[in-house]
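To start, the structure under review is shown below, and the notes come after it.
For clarity, chains are labelled A, B, C, D, E and F in written order, and residue numbers in each chain start from 1.
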Amino acid sequence: MGDFMKISARNCFRGTVEDVEDGVVTSKVKIKIEMPITLTAVITKEAVKDLGLKRGEKAIAIIKSTSVMIAKD
Amino acid sequence: MGDFMKISARNCFRGTVEDVEDGVVTSKVKIKIEMPITLTAVITKEAVKDLGLKRGEKAIAIIKSTSVMIAKD
Amino acid sequence: MGDFMKISARNCFRGTVEDVEDGVVTSKVKIKIEMPITLTAVITKEAVKDLGLKRGEKAIAIIKSTSVMIAKD
Amino acid sequence: MGDFMKISARNCFRGTVEDVEDGVVTSKVKIKIEMPITLTAVITKEAVKDLGLKRGEKAIAIIKSTSVMIAKD
Amino acid sequence: MGDFMKISARNCFRGTVEDVEDGVVTSKVKIKIEMPITLTAVITKEAVKDLGLKRGEKAIAIIKSTSVMIAKD
Amino acid sequence: MGDFMKISARNCFRGTVEDVEDGVVTSKVKIKIEMPITLTAVITKEAVKDLGLKRGEKAIAIIKSTSVMIAKD
(Lines give C-alpha, C1' and ligand atoms only; values in the text may rest on other atoms or scores of the structure.)
Protein backbone atom coordinates (compact mmCIF):
# COMPACT_ATOMS: atom_id res chain seq x y z
CA MET A 1 0.00 0.00 0.00
CA GLY A 2 3.19 2.04 -0.18
CA ASP A 3 3.31 5.54 1.24
CA PHE A 4 -0.36 5.36 1.89
CA MET A 5 0.22 2.90 4.71
CA LYS A 6 1.81 5.71 6.65
CA ILE A 7 -1.38 6.27 8.58
CA SER A 8 -1.63 5.39 12.26
CA ALA A 9 -4.73 3.27 11.63
CA ARG A 10 -3.53 -0.33 11.93
CA ASN A 11 -6.20 -1.77 9.65
CA CYS A 12 -6.07 -0.88 5.95
CA PHE A 13 -7.51 -3.32 3.43
CA ARG A 14 -7.58 -2.98 -0.33
CA GLY A 15 -10.78 -4.12 -1.95
CA THR A 16 -13.49 -3.36 -4.46
CA VAL A 17 -16.60 -1.25 -3.96
CA GLU A 18 -19.51 -3.67 -3.99
CA ASP A 19 -22.37 -1.31 -3.33
CA VAL A 20 -23.04 2.37 -2.58
CA GLU A 21 -26.34 3.40 -1.04
CA ASP A 22 -26.88 7.13 -0.55
CA GLY A 23 -28.88 8.67 2.25
CA VAL A 24 -29.27 12.43 2.58
CA VAL A 25 -26.19 13.12 4.68
CA THR A 26 -24.57 9.70 4.99
CA SER A 27 -23.95 6.87 2.55
CA LYS A 28 -23.43 3.19 3.18
CA VAL A 29 -20.60 1.63 1.20
CA LYS A 30 -19.78 -2.06 1.02
CA ILE A 31 -16.22 -3.04 0.12
CA LYS A 32 -15.36 -6.60 -0.83
CA ILE A 33 -11.89 -7.22 0.56
CA GLU A 34 -11.42 -10.73 -0.73
CA MET A 35 -13.87 -13.57 -1.00
CA PRO A 36 -15.95 -13.73 1.09
CA ILE A 37 -15.20 -10.66 3.21
CA THR A 38 -17.19 -7.47 2.70
CA LEU A 39 -16.77 -4.48 5.00
CA THR A 40 -19.65 -2.05 5.56
CA ALA A 41 -18.84 1.61 6.10
CA VAL A 42 -21.09 4.57 6.91
CA ILE A 43 -19.38 7.73 5.64
CA THR A 44 -20.58 11.16 4.47
CA LYS A 45 -22.13 11.34 1.03
CA GLU A 46 -19.72 14.24 0.51
CA ALA A 47 -16.84 11.75 0.82
CA VAL A 48 -18.50 9.32 -1.60
CA LYS A 49 -18.51 12.09 -4.20
CA ASP A 50 -14.97 13.30 -3.48
CA LEU A 51 -13.56 9.79 -3.84
CA GLY A 52 -15.83 8.91 -6.76
CA LEU A 53 -16.88 5.66 -5.08
CA LYS A 54 -18.87 3.45 -7.44
CA ARG A 55 -19.55 -0.26 -7.65
CA GLY A 56 -16.47 -1.99 -9.04
CA GLU A 57 -13.95 0.72 -8.11
CA LYS A 58 -10.83 -0.21 -6.15
CA ALA A 59 -10.82 1.25 -2.64
CA ILE A 60 -9.09 0.86 0.73
CA ALA A 61 -11.01 0.26 3.96
CA ILE A 62 -9.35 1.86 7.00
CA ILE A 63 -10.21 1.10 10.62
CA LYS A 64 -8.53 2.53 13.74
CA SER A 65 -7.53 -0.25 16.16
CA THR A 66 -9.48 1.36 19.01
CA SER A 67 -12.65 0.79 16.95
CA VAL A 68 -12.23 -2.98 16.72
CA MET A 69 -13.98 -5.17 19.32
CA ILE A 70 -13.48 -8.88 19.86
CA ALA A 71 -16.02 -11.55 20.74
CA LYS A 72 -16.00 -15.27 21.29
CA ASP A 73 -18.79 -17.81 20.81
CA MET B 1 -22.12 -16.99 13.53
CA GLY B 2 -25.65 -17.92 14.55
CA ASP B 3 -27.49 -15.92 17.18
CA PHE B 4 -24.37 -13.99 17.82
CA MET B 5 -24.74 -12.20 14.49
CA LYS B 6 -27.73 -10.43 15.94
CA ILE B 7 -25.64 -7.39 16.72
CA SER B 8 -26.13 -4.11 14.88
CA ALA B 9 -22.44 -3.95 13.98
CA ARG B 10 -22.29 -4.76 10.26
CA ASN B 11 -18.77 -6.15 10.37
CA CYS B 12 -18.18 -9.41 12.23
CA PHE B 13 -15.30 -11.63 11.13
CA ARG B 14 -14.30 -15.00 12.56
CA GLY B 15 -10.59 -15.54 12.88
CA THR B 16 -7.76 -16.71 15.07
CA VAL B 17 -5.90 -14.76 17.73
CA GLU B 18 -2.43 -14.16 16.33
CA ASP B 19 -0.92 -12.09 19.10
CA VAL B 20 -1.87 -10.51 22.43
CA GLU B 21 0.29 -7.71 23.84
CA ASP B 22 -0.72 -6.37 27.24
CA GLY B 23 -0.26 -2.82 28.39
CA VAL B 24 -1.37 -1.67 31.84
CA VAL B 25 -4.96 -0.75 31.00
CA THR B 26 -5.25 -1.68 27.34
CA SER B 27 -4.09 -4.66 25.29
CA LYS B 28 -3.41 -4.94 21.59
CA VAL B 29 -4.82 -8.06 19.96
CA LYS B 30 -4.17 -9.19 16.42
CA ILE B 31 -6.72 -11.48 14.78
CA LYS B 32 -5.93 -13.30 11.56
CA ILE B 33 -9.17 -13.41 9.61
CA GLU B 34 -7.96 -15.39 6.67
CA MET B 35 -4.68 -15.25 4.85
CA PRO B 36 -3.38 -12.63 4.64
CA ILE B 37 -5.74 -10.41 6.63
CA THR B 38 -4.97 -9.59 10.24
CA LEU B 39 -7.08 -7.08 12.19
CA THR B 40 -5.54 -5.09 15.05
CA ALA B 41 -7.74 -4.21 18.02
CA VAL B 42 -7.03 -2.13 21.11
CA ILE B 43 -9.32 -3.32 23.90
CA THR B 44 -9.17 -3.32 27.71
CA LYS B 45 -6.90 -5.88 29.32
CA GLU B 46 -9.95 -6.69 31.46
CA ALA B 47 -11.69 -7.89 28.29
CA VAL B 48 -8.66 -9.95 27.24
CA LYS B 49 -8.94 -11.83 30.53
CA ASP B 50 -12.72 -12.21 30.43
CA LEU B 51 -12.61 -13.69 26.96
CA GLY B 52 -9.46 -15.70 27.62
CA LEU B 53 -7.83 -14.40 24.45
CA LYS B 54 -4.61 -16.24 23.69
CA ARG B 55 -2.59 -16.87 20.54
CA GLY B 56 -4.33 -19.57 18.50
CA GLU B 57 -7.82 -19.14 20.02
CA LYS B 58 -10.80 -18.64 17.72
CA ALA B 59 -12.32 -15.15 18.02
CA ILE B 60 -14.64 -12.78 16.21
CA ALA B 61 -13.63 -9.24 15.24
CA ILE B 62 -16.53 -6.75 15.35
CA ILE B 63 -16.49 -3.28 13.82
CA LYS B 64 -19.36 -0.77 13.76
CA SER B 65 -19.93 0.56 10.22
CA THR B 66 -19.57 4.17 11.39
CA SER B 67 -15.96 3.33 12.36
CA VAL B 68 -14.92 2.29 8.86
CA MET B 69 -13.30 4.86 6.58
CA ILE B 70 -12.57 4.51 2.89
CA ALA B 71 -9.59 5.72 0.88
CA LYS B 72 -8.43 5.55 -2.70
CA ASP B 73 -4.89 5.64 -4.10
CA MET C 1 -26.21 -11.95 29.69
CA GLY C 2 -24.64 -15.37 29.48
CA ASP C 3 -22.46 -16.27 26.51
CA PHE C 4 -23.37 -13.08 24.86
CA MET C 5 -21.28 -11.13 27.36
CA LYS C 6 -18.23 -12.66 25.78
CA ILE C 7 -17.64 -9.51 23.78
CA SER C 8 -14.71 -7.22 24.55
CA ALA C 9 -17.03 -4.20 24.84
CA ARG C 10 -17.22 -3.49 28.58
CA ASN C 11 -20.66 -1.87 28.41
CA CYS C 12 -23.64 -4.09 27.61
CA PHE C 13 -27.06 -3.11 28.95
CA ARG C 14 -30.32 -4.96 28.53
CA GLY C 15 -33.34 -2.77 27.88
CA THR C 16 -36.41 -2.18 25.80
CA VAL C 17 -36.65 -0.44 22.43
CA GLU C 18 -38.45 2.82 23.09
CA ASP C 19 -38.39 4.33 19.64
CA VAL C 20 -37.06 3.63 16.13
CA GLU C 21 -36.75 6.48 13.66
CA ASP C 22 -35.57 5.54 10.17
CA GLY C 23 -33.51 7.76 7.90
CA VAL C 24 -32.39 6.62 4.47
CA VAL C 25 -29.15 4.91 5.47
CA THR C 26 -29.10 5.27 9.24
CA SER C 27 -31.75 4.85 11.92
CA LYS C 28 -31.92 6.32 15.41
CA VAL C 29 -32.96 3.84 18.09
CA LYS C 30 -33.74 4.70 21.70
CA ILE C 31 -33.36 1.94 24.28
CA LYS C 32 -34.77 2.36 27.78
CA ILE C 33 -32.33 0.58 30.08
CA GLU C 34 -34.18 1.12 33.31
CA MET C 35 -36.08 4.11 34.54
CA PRO C 36 -35.10 6.76 33.74
CA ILE C 37 -32.18 5.86 31.50
CA THR C 38 -32.60 5.81 27.73
CA LEU C 39 -29.65 5.28 25.40
CA THR C 40 -29.66 6.75 21.89
CA ALA C 41 -27.93 4.80 19.12
CA VAL C 42 -27.36 5.66 15.48
CA ILE C 43 -26.98 2.40 13.54
CA THR C 44 -27.61 1.33 9.93
CA LYS C 45 -31.23 0.82 8.90
CA GLU C 46 -29.98 -2.52 7.56
CA ALA C 47 -29.20 -3.54 11.16
CA VAL C 48 -32.61 -2.35 12.38
CA LYS C 49 -34.21 -4.76 9.90
CA ASP C 50 -31.86 -7.67 10.61
CA LEU C 51 -32.51 -7.42 14.34
CA GLY C 52 -36.21 -6.67 13.91
CA LEU C 53 -35.98 -3.68 16.27
CA LYS C 54 -39.42 -2.33 17.12
CA ARG C 55 -40.82 -0.32 20.01
CA GLY C 56 -41.27 -2.60 22.99
CA GLU C 57 -38.76 -5.27 21.93
CA LYS C 58 -36.02 -6.36 24.32
CA ALA C 59 -32.54 -5.35 23.17
CA ILE C 60 -29.00 -4.94 24.45
CA ALA C 61 -27.05 -1.68 24.12
CA ILE C 62 -23.31 -2.22 23.63
CA ILE C 63 -20.66 0.48 23.99
CA LYS C 64 -16.88 0.04 23.66
CA SER C 65 -15.05 1.58 26.64
CA THR C 66 -12.89 3.73 24.37
CA SER C 67 -16.12 5.46 23.23
CA VAL C 68 -17.11 6.64 26.71
CA MET C 69 -16.08 10.15 27.82
CA ILE C 70 -16.33 11.58 31.30
CA ALA C 71 -17.25 15.11 32.39
CA LYS C 72 -17.70 16.93 35.66
CA ASP C 73 -19.88 19.97 36.48
CA MET D 1 -27.31 18.80 33.85
CA GLY D 2 -28.26 22.34 32.90
CA ASP D 3 -26.16 24.17 30.33
CA PHE D 4 -23.83 21.27 30.26
CA MET D 5 -26.40 19.17 28.42
CA LYS D 6 -25.88 21.41 25.43
CA ILE D 7 -23.56 18.88 23.87
CA SER D 8 -24.53 16.99 20.72
CA ALA D 9 -23.82 13.64 22.39
CA ARG D 10 -27.25 12.15 23.07
CA ASN D 11 -26.11 10.05 26.02
CA CYS D 12 -25.08 11.87 29.21
CA PHE D 13 -25.48 10.06 32.54
CA ARG D 14 -24.69 11.40 36.00
CA GLY D 15 -23.07 8.91 38.32
CA THR D 16 -20.31 8.25 40.79
CA VAL D 17 -16.72 7.23 40.10
CA GLU D 18 -16.44 3.64 41.27
CA ASP D 19 -12.86 2.91 40.30
CA VAL D 20 -9.89 4.51 38.55
CA GLU D 21 -7.09 2.32 37.21
CA ASP D 22 -4.14 4.14 35.66
CA GLY D 23 -2.02 2.81 32.82
CA VAL D 24 0.86 4.79 31.37
CA VAL D 25 -1.08 6.79 28.76
CA THR D 26 -4.64 5.68 29.33
CA SER D 27 -6.75 5.09 32.44
CA LYS D 28 -9.83 2.95 32.91
CA VAL D 29 -12.61 4.60 34.89
CA LYS D 30 -15.78 2.90 36.08
CA ILE D 31 -18.81 5.10 36.76
CA LYS D 32 -21.80 3.73 38.63
CA ILE D 33 -24.84 5.37 37.06
CA GLU D 34 -27.48 3.86 39.29
CA MET D 35 -27.75 0.40 40.72
CA PRO D 36 -26.75 -1.80 39.09
CA ILE D 37 -25.35 0.03 36.07
CA THR D 38 -21.64 0.79 35.84
CA LEU D 39 -20.11 2.26 32.69
CA THR D 40 -16.47 1.57 31.80
CA ALA D 41 -14.50 4.30 30.04
CA VAL D 42 -10.97 4.30 28.67
CA ILE D 43 -9.72 7.91 28.65
CA THR D 44 -6.29 9.57 28.83
CA LYS D 45 -4.63 9.67 32.23
CA GLU D 46 -4.15 13.37 31.49
CA ALA D 47 -7.96 13.74 31.57
CA VAL D 48 -8.22 11.79 34.82
CA LYS D 49 -5.89 14.35 36.42
CA ASP D 50 -7.57 17.40 34.88
CA LEU D 51 -10.98 16.29 36.12
CA GLY D 52 -9.65 15.05 39.45
CA LEU D 53 -11.46 11.72 39.02
CA LYS D 54 -11.34 9.66 42.21
CA ARG D 55 -13.48 6.90 43.66
CA GLY D 56 -16.66 8.42 45.08
CA GLU D 57 -16.59 11.64 43.01
CA LYS D 58 -19.66 12.65 41.02
CA ALA D 59 -19.11 12.50 37.26
CA ILE D 60 -21.03 12.43 33.99
CA ALA D 61 -20.59 9.68 31.40
CA ILE D 62 -20.99 10.92 27.80
CA ILE D 63 -21.44 8.69 24.76
CA LYS D 64 -22.00 9.82 21.16
CA SER D 65 -24.99 8.04 19.61
CA THR D 66 -22.90 6.78 16.69
CA SER D 67 -20.83 4.80 19.24
CA VAL D 68 -23.78 2.78 20.56
CA MET D 69 -24.48 -0.64 19.06
CA ILE D 70 -27.54 -2.80 19.61
CA ALA D 71 -27.82 -6.55 19.98
CA LYS D 72 -30.57 -9.06 20.62
CA ASP D 73 -30.39 -12.49 22.26
CA MET E 1 -13.85 27.37 27.90
CA GLY E 2 -14.05 27.50 31.69
CA ASP E 3 -15.96 24.82 33.53
CA PHE E 4 -16.98 23.38 30.24
CA MET E 5 -13.45 22.14 29.63
CA LYS E 6 -13.97 19.66 32.41
CA ILE E 7 -14.69 16.93 29.91
CA SER E 8 -12.28 14.05 29.38
CA ALA E 9 -12.16 14.70 25.63
CA ARG E 10 -8.75 16.28 25.02
CA ASN E 11 -9.83 18.17 21.92
CA CYS E 12 -12.30 21.06 22.35
CA PHE E 13 -12.22 23.91 19.84
CA ARG E 14 -14.38 27.02 19.82
CA GLY E 15 -15.58 28.10 16.41
CA THR E 16 -18.48 29.25 14.31
CA VAL E 17 -21.11 27.14 12.58
CA GLU E 18 -20.40 27.44 8.87
CA ASP E 19 -23.04 25.13 7.48
CA VAL E 20 -25.79 22.76 8.64
CA GLU E 21 -27.12 20.14 6.24
CA ASP E 22 -29.97 17.99 7.55
CA GLY E 23 -30.59 14.39 6.59
CA VAL E 24 -33.47 12.39 8.02
CA VAL E 25 -31.74 11.08 11.15
CA THR E 26 -28.31 12.67 10.96
CA SER E 27 -27.09 16.15 10.10
CA LYS E 28 -23.72 17.30 8.85
CA VAL E 29 -22.37 20.41 10.56
CA LYS E 30 -19.27 22.33 9.53
CA ILE E 31 -17.55 24.44 12.20
CA LYS E 32 -14.92 26.99 11.23
CA ILE E 33 -12.36 26.94 14.02
CA GLU E 34 -10.08 29.64 12.71
CA MET E 35 -9.00 30.41 9.21
CA PRO E 36 -8.66 28.15 7.38
CA ILE E 37 -9.71 25.23 9.56
CA THR E 38 -13.22 23.83 9.31
CA LEU E 39 -14.24 20.67 11.16
CA THR E 40 -16.97 18.42 9.77
CA ALA E 41 -19.23 16.60 12.23
CA VAL E 42 -22.00 14.07 11.65
CA ILE E 43 -24.40 14.27 14.61
CA THR E 44 -28.11 13.52 15.13
CA LYS E 45 -30.57 16.04 13.76
CA GLU E 46 -32.10 15.87 17.23
CA ALA E 47 -28.88 17.38 18.60
CA VAL E 48 -28.85 20.09 15.93
CA LYS E 49 -32.30 21.19 17.15
CA ASP E 50 -31.46 20.94 20.87
CA LEU E 51 -28.38 23.08 20.44
CA GLY E 52 -30.03 25.42 17.95
CA LEU E 53 -27.11 25.08 15.54
CA LYS E 54 -27.36 27.57 12.69
CA ARG E 55 -24.86 29.16 10.32
CA GLY E 56 -22.99 31.89 12.20
CA GLU E 57 -23.63 30.57 15.73
CA LYS E 58 -20.71 30.03 18.09
CA ALA E 59 -20.10 26.38 18.90
CA ILE E 60 -17.45 24.07 20.33
CA ALA E 61 -16.13 21.02 18.46
CA ILE E 62 -15.21 18.12 20.76
CA ILE E 63 -13.15 15.08 19.74
CA LYS E 64 -12.05 12.21 21.98
CA SER E 65 -8.31 11.54 21.63
CA THR E 66 -8.92 7.89 20.76
CA SER E 67 -10.75 9.12 17.62
CA VAL E 68 -7.77 11.01 16.22
CA MET E 69 -5.50 9.24 13.73
CA ILE E 70 -2.15 10.46 12.44
CA ALA E 71 -0.65 10.21 8.98
CA LYS E 72 2.52 11.31 7.26
CA ASP E 73 3.16 12.09 3.59
CA MET F 1 -2.48 17.14 0.68
CA GLY F 2 -2.62 15.75 -2.82
CA ASP F 3 -3.62 12.13 -3.40
CA PHE F 4 -3.52 11.56 0.28
CA MET F 5 -6.67 13.63 0.77
CA LYS F 6 -8.57 10.90 -0.99
CA ILE F 7 -9.68 9.46 2.32
CA SER F 8 -13.33 9.56 3.38
CA ALA F 9 -12.44 11.21 6.69
CA ARG F 10 -13.57 14.83 6.32
CA ASN F 11 -11.05 16.21 8.80
CA CYS F 12 -7.37 16.14 7.83
CA PHE F 13 -5.05 18.77 9.28
CA ARG F 14 -1.35 19.21 8.62
CA GLY F 15 0.71 20.10 11.65
CA THR F 16 3.81 19.41 13.67
CA VAL F 17 4.34 16.75 16.31
CA GLU F 18 4.56 18.61 19.60
CA ASP F 19 4.92 15.71 21.99
CA VAL F 20 4.96 11.90 22.01
CA GLU F 21 4.33 10.05 25.26
CA ASP F 22 4.60 6.26 25.10
CA GLY F 23 2.59 3.85 27.20
CA VAL F 24 2.97 0.10 26.86
CA VAL F 25 0.42 -0.48 24.10
CA THR F 26 -0.79 3.02 23.29
CA SER F 27 0.96 6.36 22.88
CA LYS F 28 -0.38 9.88 23.24
CA VAL F 29 0.69 12.25 20.47
CA LYS F 30 0.07 15.98 20.42
CA ILE F 31 0.02 17.70 17.02
CA LYS F 32 0.16 21.49 16.78
CA ILE F 33 -2.00 22.39 13.80
CA GLU F 34 -1.45 26.10 13.84
CA MET F 35 -1.18 28.49 16.72
CA PRO F 36 -2.80 27.86 19.11
CA ILE F 37 -4.45 24.60 18.12
CA THR F 38 -3.01 21.29 19.32
CA LEU F 39 -4.79 18.01 18.70
CA THR F 40 -4.33 15.07 21.09
CA ALA F 41 -4.41 11.55 19.64
CA VAL F 42 -4.22 8.17 21.35
CA ILE F 43 -2.83 5.67 18.83
CA THR F 44 -0.89 2.39 19.07
CA LYS F 45 2.78 2.67 19.93
CA GLU F 46 3.26 0.37 16.92
CA ALA F 47 1.94 3.19 14.72
CA VAL F 48 4.20 5.75 16.40
CA LYS F 49 7.19 3.62 15.36
CA ASP F 50 5.95 2.89 11.85
CA LEU F 51 5.41 6.57 11.16
CA GLY F 52 8.56 7.64 13.00
CA LEU F 53 6.61 10.26 14.96
CA LYS F 54 8.96 12.54 16.92
CA ARG F 55 8.68 16.05 18.30
CA GLY F 56 9.08 18.52 15.45
CA GLU F 57 8.09 16.14 12.63
CA LYS F 58 5.40 17.16 10.16
CA ALA F 59 2.26 15.03 10.45
CA ILE F 60 -1.41 15.01 9.47
CA ALA F 61 -4.22 14.61 11.99
CA ILE F 62 -7.24 12.72 10.61
CA ILE F 63 -10.67 12.58 12.23
CA LYS F 64 -13.78 10.85 10.86
CA SER F 65 -16.80 13.19 10.90
CA THR F 66 -18.87 10.73 12.93
CA SER F 67 -16.30 11.16 15.75
CA VAL F 68 -16.82 14.93 16.07
CA MET F 69 -19.31 16.21 18.68
CA ILE F 70 -20.57 19.75 19.04
CA ALA F 71 -21.31 21.72 22.19
CA LYS F 72 -22.50 25.23 23.02
CA ASP F 73 -21.89 27.29 26.16
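We take it that contacts are C-beta pairs under 8 Å (C-beta built on N, C-alpha and C of every residue); 3 or more make two chains touch, one makes a residue touch a chain.
Keep in mind that what you see is a predicted model, and the values were worked out from it rather than measured.
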Far-end chain from chain C, centres as C-alpha averages: F
Chain pair with more C-beta contacts, B-C versus E-F: E-F
Pair in A-B, A-F or B-F that repeats D-F, with over half of contact pairs matching by residue number: B-F
Centre-to-centre distance between chain D and chain C (centres being mean Cα positions), rounded to whole Å: 17
Chain centre separation (chain B, chain D; CA means) in Å: 23
Between chain C and chain F, centroid-to-centroid distance (C-alpha), Å: 30
Chain E: positions in contact with at least two other chains: 4, 6-10, 23-24, 26, 28, 40-44, 46-47, 51, 62, 64-67, 69-73
Chain contact topology (line, ring, star, complete or other): other
In contact (per the touch rule at the top): chain pairs: A-B, A-C, A-E, A-F, B-C, B-D, B-F, C-D, C-E, D-E, D-F, E-F
List of chain F residues in touch with chain B within their complex: 3, 6-9, 23-26, 44, 46, 64, 66
Chain F to chain D touching residues, read off their complex: 21-24, 26-28, 40, 42, 66-67, 69-73
Interface residues, chain F side, partner chain A - complex: 4, 6-10, 41-44, 46-48, 50-51, 62, 64-66
Touch list for chain D against partner chain C, complex: 1-2, 4, 9-13, 28-29, 31, 33-34, 37, 39-43, 47, 51-53, 57-73
